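Structures given as structure tokens follow.
After this come two complexes, each holding subunit A, first together with subunit B and then together with subunit C.
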Partner chain A sequence: MEFAPKQDQSKNPVLIPVDGPIQRTQYPYVTGTSVVAIKYKDGILMAADMGGSYGSTLRYKSVERIKPIGKHSLLGGSGEISDFQEILRYLDELILNDNMWDDGNSLGPKEVHSYLTRVMYNRRNKFDPLWNSLVLGGVKKGQKYLGMVTMIGVNFEDNHVATGFGNHLARPILRDEWHEDISFEDGVKLLEKCMRVLLYRDRSAVNKIQISKLTEEGVTPFPPYSLKTYWGFSSFHNPTVGAEGSW
Partner chain B sequence: MESLDVDGPHSMGTTIIGVTYDGGVVLGADSRTSTGVYVANRASDKITQLTDNVYVCRSGSAADSQILSDYVRYFLHQHTIQLGQPATVKVAANLVRLLAYNNKNMLQTGLIVGGWDKYEGGKIYGVPLGGTILEQPFAIGGSGSSYLYGFFDQVWKEGMTKEEAESLVVKAVSLAIARDGASGGVVRTVVINADGVTRNFYPGDTLPLWHEEIPAQNSLLDILSAPSPEPMSM
Partner chain C sequence: MFRNQYDTDVTTWSPAGRLFQVEYAMEAVKQGSAAIGLRSKSHVVLACVNKANNELSSHQKKIFKVDDHIGVAIAGLTADGRVLSRYMRSECINYSFTYESPLPVGRLVVQLADKAQVCTQRSWKRPYGVGLLVAGLDESGAHLYYNCPSGNYFEYQAFAIGSRSQAAKTYLERKFETFLDSSRDDLVKHALIAIRETLQGETLKSSICTIAVVGVGEAFHTLDQETVQQMINAFEIVVEDEPPAADPGTSAGEGGAAAEGVSPPEEGAAPMEI
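Take a look at the complex of A and B:
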């Protein structure tokens, strides 16, 4: 970048880039909230709600935020939905080119996660990020993989991952109750517990969730459904008795 | 006296709606274009043609939405020639998305693409700020849409007839106009189905009256010269 010396409002010397307007980081418009995923006995379980918020308005309630990638991976995305849709297009191209080699090999989850990490980090370096936090899970040749990338390129893999609010509300539950080779039923119940807490405590959450399962055999996206919520606690009925005005 | 902002960028505050019904789609919009507080055009046409069978409802910056729809019309025209048959609604919507997404830093426009093609029938696609694309059974947009979320949550149902869909759209735009200062004027609708395209026009004075609105009179003088009501008798 070329710079030219100028003076700012307080007459301090500053360097201004010469070629064109400074590219600013954008801001998100339509956003998805948490994604939560765990490794279980046969593979990966991933959950996310179907909400697309527009600021504080819960504008869209049927947004699919978990998508299968190739034969071996699942991608869950939170953050700006238009950027998530663009990432799906990039991955489409990646998988297509991989198939065209026709060499019997196919990109596994580790490779896809690595690709995404590079894309996210390089965009961040150009001050033009894809405004997403992504969860990439998969199984290939019996090896389970679960990783996460954020819009600034922070990435890691673990036995359980979450994005956004999920990091604060879901992961503590997972740290406590997840164990190696957890069964499908226990895994689903655990994810539902996390999603219910998120529904209570995350104001961008929407009560319509999508859980997807990924095993060596392939991806099974389950139909969207709603969680029951519990309000029948005696302390909820009259919380301000004895302390009028409190909440 | 504070100065009025009459030189602001032309923006269509707007209410725009797109609804699918059994056999096609109905697109609707108000007709107000404002520059700041001044109504620059009280009879704008915000439902713009992209091809014979696909139209788009424009909201947000008037300039941005116009230039975007001009580009899409241009590309679709070439695409239609190359394809040898009418473009599908999906292709039109994805072209809109492409431009909206790739220029997201510069554009401020939300669009609703609606049309009919022989493969999928009537379809509505929402393309809000940012360039997300979402296929929906119905879509609402523009500043006036804030007042319609509850309304649609309550009255929307699948498989309406053409008449039900159109009267729903007119009612909805009219409700939004009642509460949104940036929406007003007339209600325009465009119905697209296998038989073609029909444009309709509902002038402000034909729309229903809502809470605290009263019927229009020619003059006070008419009211005064009207016979006074009879006293009640026991």
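Take a look at the complex of A and C:
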């Protein structure tokens, strides 16, 4: 593969491939923020807000960032929304072809996760990444599976995963409070706790969250709702009392 | 078979709606040495006769491991069989790499059949001259398939292909109802007896046959000669004690039936020959 030296927007020297249309590392435009997911007693619980940010503007407020894949899996995505939709198209084709075999075999969550890892890593190698961090969860034949893939192809499997800010704010909570075979009610409460922290601290979070549940029987997306927040801290009452002229 | 004017090209139909080149390819399978497969719910056993051309040479490899959960036995043009095995291995490893999961044997078999079909519809190709008995596992358990040069594939409880396979088929037809719930060792025993049917009175010993097994929790592998010989000895002693049980050959449609009836005393000598 041939490379030619060029300069990117901020005048940094950059190597880009010469053959084919010139590709370069993109900038994301409309983005979704964290996705948080946990394994629970009967399967997987996944939560994400419905925000699509356009830079620093909270532009779209009804973006579904969690989608069911086939019979056995749930995909949550953060990052560039258009790339997430592209991934949904890839997976749609994959599941369609799998169903067309009509032979009693079906792709489980582990297989879908491995496939996504290959796609993300190969795009990264071409310097043309899909700008997403994906969470793939599922249940097949009683086996629960929860995995994560990033835009550079880093992938792993765990009992609880999160993307973006969720990794820094939600996972410590999950490490402390998650346990094997957590009940549905406790699982939802735990996810709400994580999403509330993210709502307070992540500037691109919006207060309209969607939780989806996946069990052996199938996917149940719950209708979106808002979290209760508390702003009545005494230091918010007279914020300028200690510093004249500030706001 | 008769020569006629419609058999030069695989892309020429005969007036009766036949493709003679494909049928001639299936003849090549019948000329190869015998291969047998049988399965239970959880295991599949492949067995074949390995005859070397002469005492000086080694015998041809007829059983190939395709992946941990799939293996294949061939009959016919061994070179064609080797090439198709390489294709199957390639497909399995690519699927494993992408999905980190074993390729379901049913899907591999369809891909193989489609590949064979291509050769029946291109004027610059010829059909593969090899029949494949594919043994493997998928989500629904153990399976045995037969892929023929025509591009057709069938699933079987038990099957035999190659020369003198009819004797083995007759034995398998009598016993197949017990296979589904058989133990792994019983399946191997049945495979060995079926192989013996094709030998037409010749002594069954582990140097002229190969056995391979795949099952739930057991990766595809070929049994070593010693193990096979021990199994042969084990059931042949039983066979000597019960002469009526040793006459499956007499019900066979083969001309060698008379030789079968004489075999028990000869087989008693078999272990000493090794």
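One rule holds in what follows: the second predicted complex is superposed on the first by the 214 of 247 C-alpha atoms of A that agree within 3 Å, B and C clash if a C-alpha of one lies under 4 Å from a C-alpha of the other, contacts with A are read in each partner's own complex, and residues count from 1 in each chain.
The rule is short, and it goes like this: a residue touches a chain if its C-beta (ideal position, glycine included) is under 8 Å from a C-beta of that chain, and two chains touch if they have at least 3 such contacts.
Keep in mind it's a predicted model, so treat the numbers as computed, not measured.
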Quiz item: After the subunit A overlay, clash or fit between subunit B and subunit C?
Solution: fit
Practice problem: Quick one: classify A:Gly52 as touching subunit B (first), subunit C (second), both or neither. | Solution: first
Quiz prompt | First (subunit B), second (subunit C), both or neither touched by A:Glu80 | solution = first
Exercise. State whether A:Val30 touches subunit B only (first), subunit C only (second), both chains, or neither.
Key: first
Quiz item: By residue count, is subunit A touched more by subunit B or by subunit C?
Solution: B
Quiz prompt | Which superposed partner A:Glu111 touches (first subunit B, second subunit C, both, neither) | solution = second
Quiz item: So, A:Asp103: does it touch subunit B (first), subunit C (second), both, or neither?
Solution: second
Self-check item: Vertex subunit A, arms to subunit B and subunit C (CA centres, degrees, nearest 10)
Solution: 120
Exercise. Classify the contacts of A:Thr215 with the two partner chains as first (subunit B alone), second (subunit C alone), both, or neither.
Key: neither
Quiz item: Rounded to a whole Å, what is the shortest Cα gap between subunit B and subunit C in the overlaid structures?
Solution: 25
Exercise. Spell out the residues on subunit A that touch subunit B in their complex, using ranges where they run on.
Key: 23-24, 26, 28-30, 52, 54, 57, 59-60, 62-63, 80-82, 85-86
Quiz item: Hey, which residues of subunit C end up touching subunit A in the complex?
Solution: 97-101, 104, 106-107, 110, 138-140
Quiz item: Quick one: in the complex, what on subunit B touches subunit A?
Solution: 97, 101, 104-105, 126, 128-134, 136, 146, 149
Quiz item: Which positions of subunit A touch subunit C when the two form their complex?
Solution: 101, 103-108, 110-111, 114-115, 118
